[in-house]
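Same chain, two partners: subunit A is paired with subunit B first, then with subunit C.
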Partner chain A sequence: MIFKILAKQEMPKLFQVMSANRIIGPVEKGADRNGKTIYAFEPVSQFEKLRLDYTTTSRPAKSYFLPSKETLCTFKVTPQGWDKYVDFNIHEPHIFFGLHACDINALNKLDKVLMNTKYPTPYYTAKRKNMFIVGIECMPQPFCFCKSMGTDTADNGFDMFLTDLGDKYMVEIESARAYNFLENVETSDPTEKEHEEYIACIAEKNRNFCIDVDTTDLTKILDMEFHSDVWKQWGDKCLSCGTCASVCPSCYCYGVEETVNLDLQSAVKTKQLYSCNLLDFAEVAGGHNFRPESGTRLKYRYYHKHRGFVEEFEESLCVGCGRCDESCLADIRVPEVIKSVRTGKREKTESGES
Partner chain B sequence: MNHKLDFTNILQESPGKRGETDNGKFEFTYKAEITNVYPLTDTERLYQVQIIDEKKRSQFTFRPGQFVMLELPGIGEAPFSISSSPVRHGDIELCIRRIGNLTNFLAKVERGTQIGIRGPFGTSFPLEEMYGQDVLLIAGGLGLAPLRAPIFSVLENRSRYKNVNIIYGTRQPSELLFTYQYEMWRKFDIDLDIIVEKPDDGWDGEVGLITKVLKDKYADKKDRLRDSTYAIVCGPPVMFTFVCDMLREGGVPMQKMFVSLERRMHCGRGKCCRCNVGSTYTCLKGPVFDYWSIMNMKEAI
Partner chain C sequence: MSETPSYLGVPITRPKVAFFDFTACEGCQLQILNNEATLVDFLSLIEVVAFREAMTESSDDYDIALVEGSVTRADEVERLKTIRKNAKVLVALGSCACFGGVNQLKNRFDDQEWVKKEVYGDHPIETQRAQPLHEIVDVDMKIYGCPIKKEEVEKIVTNLVLGKSVKHPKYPVCMECKANDNICLYDLGEACLGPVTRAGCDAWCPGSRFGCWGCRGPADEANMDEMVNIMKERGFSYETMLDRLECFGGFAEFTSKLKDQMEQDKENG
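Moving on to the complex of A and B:
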């Protein structure tokens, strides 16, 4: 891995060079009712709009590689039969400028199941292979527990990664493509002092985590506590709205639907991202529902993320970004759920108890 | 200087990729024709489905217990167990109940309709492992559909198995599937027990639940069940628990008991998560599981 120092005043130039491509990055969208700034990943054409100092985005950049709704194929239907036309819905490379480590790790996890298994999904693979990622170091927010999930740093899955050292960035270069871009701006080799600044910056980040989740033996504990009352208690709180899945950078469940177009000569097959908390997630034809209670659905969500995925890939499917906790309408928080399963009881929280 | 990144076309990348890892094959569908439809009961029909391309038809192979995704463009796609013999390759039979959106539409289509078939997917019954042993096939209701492929396989290799017993139960006589084949199965030296829960006026066979047949026939055969019997079970969720518990108590080792689970797959290839049991993909690790795996998976039956 190669490290370079890039002065902040060089950034607009770097952005300019890279903007020969479509750039997606964090931009300011407004403020919530408490006055807190809301950020979102959107196409950016001017460097000034790019907010590399963003805290977190309410939604991940998922819509660019796992859109909530996507056409899988179209059909031309004639009285004799039909023909199928497949498009992976990506026609140019995209630069993702300013992803935090959690979101990069989420992509790495998705790669494992969607790209590197038997039957890879070409719709995801095609988009993923056309991503150029500029990562950026961040400071923990009140909801972040990435450190507990081992996703506070990204070891791979990006092209370059920036760490803010005041008036300059430490740039970690992972690909030739990134190196090529950087040749258009002025960089220098990091000095011993800059190494120290970098280490101090990471230490500062570590000091700022305020949530710690004990994941020791979690797969075993989830099995032992399968019939625990806490699942029903959390289920009674859960609204089964699916918000958690929609803001999750690593949720990929979906449903498939087909529709005949109004001309009656063509049809379309659509994939829609789903949520295992939605009522009919495990319903089969005829109406039998394998998970009719919201508690069993919520439990399944934790099972998939913290047990099933671990069993298959030796890591959890959760990156601890805290988006689901922040957006949950019923104040259900992953760290609290995990803790309650471990201790067998749900503790009262400050956020109001029903 | 041009700073545009190169576009990666995954279809041109690594041309060595074939079959299951081929990106171009994900949405691949065999064009197939419904060549005939037999009504079996008021709600179930047997569809004969033939892959149209002759070469692809003969190259299509599956193992008993596997399923295919059947697609009707614009209407939908759903998983169905293959109900025909594997020696027939891409000339398959699917036993389908009229119950949902797609199957209700299917009940209306005429023979000659062009559909799409993807697969075969999933695990199968280890019929070779069962050579030299007794085979006990237990089906409840529509559960006979996925068992028909292993039944054909056993029939075609009858000399390789010892006693073969099919126990089949439904609620009413009018729900019995494949009635026209019972005589043939018996003639091929298969011990066939049929039982119904609610008899009608014309019924002169056994009355009760499948567990009654099991109790009557196997209560005193614990040694045989333990030492030389394989069991295959398929039926509605409530049946699994009772039958499997009884078999376990009767002596059948759990690694020699196989069940086929029903879940609603949307993709069939371990991506959509809709068929997950606990955190296991029914489409990849199943639909056929041994009973040890079932016990080891949460909320399977």
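Moving on to the complex of A and C:
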């Protein structure tokens, strides 16, 4: 690991050097009803549009490497039979400029399932291998609980990581590619004082977490509480709308559909991201549904995130980014659900649900 | 386009299809004619034998009847029954045919004579309670939407022709809305029935920052109690909720319950 100091005035130049590639970063998308800025990851062509001071985005950067809908292949009927065309849907490298630690950790978790496995998915792998990541340090937001999930820092899975020290960044260099980019701008070696500033910045971040989720023995407790009443109680609130999975940076479950085109001479195989909360998700051929009740579906989402994945990889699939909590209209929040499983009762939410 | 279409070398039979309209704006039929880019392929899959909006000829010999509109007159009831008798498959096309559509809004007035006078003045006109097709005849399939989405109809017709099963999404609009990266209308302070309305429209309205009015009716699992809680918490009145939920008739089963709840809440202050 190499650390360098990069003055903020050098940033436009760094951006320009990188902009031979497609850069995706946090930008302002609009404002909500209270005037709060809504951020989104979008392609950026001007450095000024980039909002490196963003709080969080309402959607993860997932759509660039795990799109909601993706054509896996197309078919064309020929006189001899049919031809198949496969495209991994990545035609240029992507630079992600300004990912927070939670989103980098989400990618690392997805890698475990989709890339570093016996049967890697080429669609994800191709995109992941053509990715350059500039991480950036953040301040906890009201919904963040990454610290409880152990994902408040990213140890790997990025190329360089920036920590804001006022008029300069502490840059953590993780790859040769990042080092090469930085050779185009002026950097200096950090002084002892800048080390202290960095440590103070991280300490400040730590002080700002307002949610703590107790994950001690969670896999065991989830096993014990499989039949707990709280699942039905949360299920009664759940809209089964799939928003939580859609905004989750690490949800990857999907369905595949083959569609014959109107001309009957061609067809397309499409992958669609799903959510285990959707009624259709556990339905099988013949119409049987393994999880017809809302509470059961919601439960399985928690079991996948906090139990199944932990048993397989010794870490949770949840990164505590809080997006699902913030976007759930029914106020179903991960910290409250986990707490209710521990205590056996669901506590009323702040919003005064009757 | 060949005269007899084939799939993987096997010739397919083009089903005889007839389009009919009852009380409606005919917008759903217009949708069928709209997609010029694929219209030729679409028409090569089926043999259209009756389509008042598009052709002069008409025949009673058909396999599939696609019926738009709700039923609002006694003669329409008889006509629909005849169509049912002739058709092997009867498809309700669009919100009016599926739920009564915008037309059924008049059903909420107790005094139907007053409605008639308000709309038609002194012109004598025969009209009765607006009914969806399934209240009168058996409906084999429903194609939802106001209007229907042409791409969805194309897919359904292709599957029908190939003998593949036809499936509607059971989940609500939110899933498609999120897939399109839209900002949630509730974040913008607007009402939206997306969380309870059946998907399939690709979040057409929310994508244009216009909250969902539920034209496709409820999703297979629509958590109406929670939907009401959500709207109440955000300051929407019962009247606003009812306006939306009653607009297309898809939520009829639920709206009467909601009206009771409204009365009860008002009594309790």
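By definition in this document, the second predicted complex is superposed on the first by the 350 of 354 C-alpha atoms of A that agree within 3 Å, B and C clash if a C-alpha of one lies under 4 Å from a C-alpha of the other, contacts with A are read in each partner's own complex, and residues count from 1 in each chain.
Basically, a residue touches a chain if its C-beta (ideal position, glycine included) is under 8 Å from a C-beta of that chain, and two chains touch if they have at least 3 such contacts.
Keep in mind that this is a model prediction, so the values were computed, not measured.
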item	value
Which of subunit B and subunit C A:C276 touches, first, second, both or neither	first
Which partner, subunit B or subunit C, touches more subunit A residues	B
Touched partner set for A:C73, first subunit B, second subunit C, both or neither	first
Touched partner set for A:L329, first subunit B, second subunit C, both or neither	second
Subunit B versus subunit C as contact partner of A:N21, first or second or both or neither	first
First, second, both or neither for A:W82, with subunit B first and subunit C second	both
Which of subunit B and subunit C A:P120 touches, first, second, both or neither	first
First (subunit B), second (subunit C), both or neither touched by A:T259	both
Touched partner set for A:G30, first subunit B, second subunit C, both or neither	second
Subunit B and subunit C contact sites that coincide on subunit A, given as residue numbers	77, 82, 259-261, 283
Complex interface listing, subunit A residues touching subunit C	29-30, 32-33, 38, 40, 58-59, 63, 68-69, 77, 82, 236-243, 246-247, 259-264, 273, 275, 278-280, 283, 294, 327, 329-330, 351-354
Complex contacts: residues of subunit C adjacent to subunit A	1, 5-8, 12, 38, 41-42, 45, 154-155, 158-159, 162, 164, 169-172, 174-175, 178-181, 183-184, 186-189, 194-196, 219-221, 223, 225-227, 229-230, 233
Residue ranges of subunit B touching subunit A (in the complex, touch as defined)	1-8, 10-11, 13, 20-21, 23-24, 26-27, 29, 31, 71-78, 97, 99-103, 114, 116, 237, 262-264, 266-267, 269-274, 276-280, 284, 298-299
Footprint of subunit B on subunit A - complex, ascending	17-18, 20-21, 72-73, 75, 77, 80-82, 84, 86, 88, 91-93, 95, 113-114, 117-123, 125-126, 129-130, 132, 177, 181, 184, 223, 226, 252-261, 267-269, 274, 276, 281-286, 288, 290-291, 296, 300, 303-304, 307-309, 311
